[in-house]
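Just below is one structure, and these are the notes that go with it.
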């Protein structure tokens, strides 16, 4: 059976750490005079993007190219959503072209799962963000960034690689619709961190009993306790759904401005998956401050995606096995 | 596993490394420009030991590091993807240096081929040389070692195990038949 | 030789008897009937039930003949033991005029595999705004008595009130598809823990329950008849139970899939499990079983909803709602309710009560001399594995594919004519 990366819920601690440790080694490629390794020569990686995301696509593209894979960018704007070519026919096309891995971004939750499990093609599938479900490589790069920057605040385990044990991370914003939040809640918890999600009640899933995290509606109360705060992007179209009364009120109650950032412990860091709405969920001065890791996140994205590609594609069988068969 | 013949004991290994260090100094007329890169796992402590000996002989502090060759292997597609080892290139870099690769056992030569590719992605050394504790023959590529601790004729299906005190608690080289 | 003897069968699971059928009517029932000039069908102790009646079927003709036709849909019905089905109005064109309902009715007659009773739309084009010509449909050859905008809810309270009032003139019944559409915009599955994890938009139970609560008040107020389609939540069961206790003239239906499947299946993201109303949780399944057992829920309706492959072989979010049901209904109900309902109880929920609700005089009848021979025979000890390719329907979207189910139908008779006969009773 082919291995895939569809959800961080499928990763156990060992698997997650293997990705982070591999990324740690591959991070040095960025500093080499020749930023390229021959590892995936002759392998074809398809970036199948049903939804625009330039930053995620170029990150995967850079990762694949640094490993010498051939990269095909497939911007499937006319998906079956708009009655264009169906996901099935697209998959059959990619199979015929000999794709070894498909990196898929889709506006509908579960599309990567279907691509992996329907009998349409025989390639590794990497979820690059599906609807309001998951975005596992974003969570992995977030964990990688936290591990590097908060090393002094992490309790080292008795054996094995260092995880995120002892950290407390707040994830703030539109949790209901955020694939970044879903992936991070699972992964951070798997790696030993405590997670608190903070959102207005309308943007919090009503049935969150199964989520391995705490829930709060009060950002000011949470900030002094955390080692890191992840701000989520507010989709402006949510305004039309009446999830909150106005951008101004959202920003006042849940935006990370300078006053709120001052509530954080001195060592605490600020993250954002991008693209940011400066002045809405995060103030410019906070985003540009010393405690902001937003640019580090982008840089680390390439290393983490190289690690995922290598571990899935690098051998005759993947080092990553899917937990939920 | 039956009683294993010890090919080299601790003092044999120590003498072999000392001799290699002397040969390096002699051949390169000193070791001012040398950078030692050990190939994980056991090439790394061997490189450190040689560096120490070079300092003892020549008084020069020779930088030593490690270079992981996993991503450059030619048999990646034949085996499961494996965890990476650490690459630590000394701050001096490799450009215009005399890079000496250090490994425990020289066998098919494929590891060294991969290591040379890895080094050339790091820069352009003045030259690359190879030191190995044991050369057991059976080369599959046109590669030879510049410095050899011990030439050890083996059968193809034999295994050569190098134990080093840093990793294994003792220094020895033993021959086994459990290669599979 | 049109006479038939069903030998060694057990009506409603009772004593072994032979049943003589001639001229479409049961002529004699008794142990070891003398056989003269009649075809003998050996029952081997199988259960004899009145032919099943489905108040809720989508036959897709006219409009989506690629997914199902009256002929293929009724073939599936006959194989499932049904002798009458009610074809929902959401065809293309919508069955909102006498012309369309008569066309469907006529197609059913021509197929001859199962009585097809068209359901008329409540509102023009199922748009929920203007009443369709309910009286014309009632007066047509199809004699429509059941009206429903199924697939859509009659959301507007005033339109619902008028519809309930209007059908009193010809003893019609409004079958409501309870779904407050403002609470389900873009929703894909039950709102709960699973939807929150899968990132699929949730369909809250209250979207169903709030409409049911309102309609129970309306029907009591205007003193008409209300039928609730495909009840799916524990809360809805409780609302109906309380309404019946205070004498409201309401009947309720549950589907085989809501009696047996839960939203955990959405974890596969396989759209074969996408259905309206959505699969709920085990708590709801248990409440629905309780409701069907104690009679709060009157009938099982299949909500048989065939879809072409391309409407299910796609992203969950793009896929159509609905699943096949006719051919698996009895087996699924026996599987889910076998310990709660005896054969008479199953016959009541799947034949007697649906026929009563729809006002059919020749279906859901007792198995007695002089009654029409609309019958089906069930092998209670058999099991079968559902293979969508083998089903009578033109479509393959069965959520039970690959499952082993009990109680296989072996023979179906419509007014004495064999409409389905399995290999097992082929002489």
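Should a chain be cited, it is by its letter among A, B and C, assigned in written order, with residues numbered from 1 in that chain.
One rule holds for everything that comes next: a residue touches a chain if its C-beta (ideal position, glycine included) is under 8 Å from a C-beta of that chain, and two chains touch if they have at least 3 such contacts.
Just so you know, these numbers come straight off a predicted model, no measurement behind them.
When C-beta pairs in contact are tallied for every pair of chains, the largest tally goes to A-C.
Ranked by how close its C-alpha mean sits to the mean of all protein C-alpha atoms, the top chain is A.
For chain A, the chain with the farthest CA centroid is C.
Note: centroid distance chain A to chain B, computed from Cα atoms, is 40 Å. One finds 77 Å separating the Cα centroids of chain B and chain C. Computed centre separation for the pair chain A/chain C is 45 angstrom, with centres defined by C-alpha atoms. In the complex of the two chains, the chain A residues touching chain B come out as 18, 21-22, 25-26, 28, 32-34, 36-39, 67, 310-319. Those residues of chain A whose C-beta lies close enough to touch chain C in the complex are 9, 79-81, 86-88, 106-111, 113-114, 117-118, 130-134, 179, 182, 205-211.
Partner chain A is touched in their complex by these residues of chain B: 68, 71-72, 76-87, 117, 120-123.
Per the touch definition, chain C reaches chain A in the complex via residues 191-193, 195-202, 268-270, 310, 313-318.
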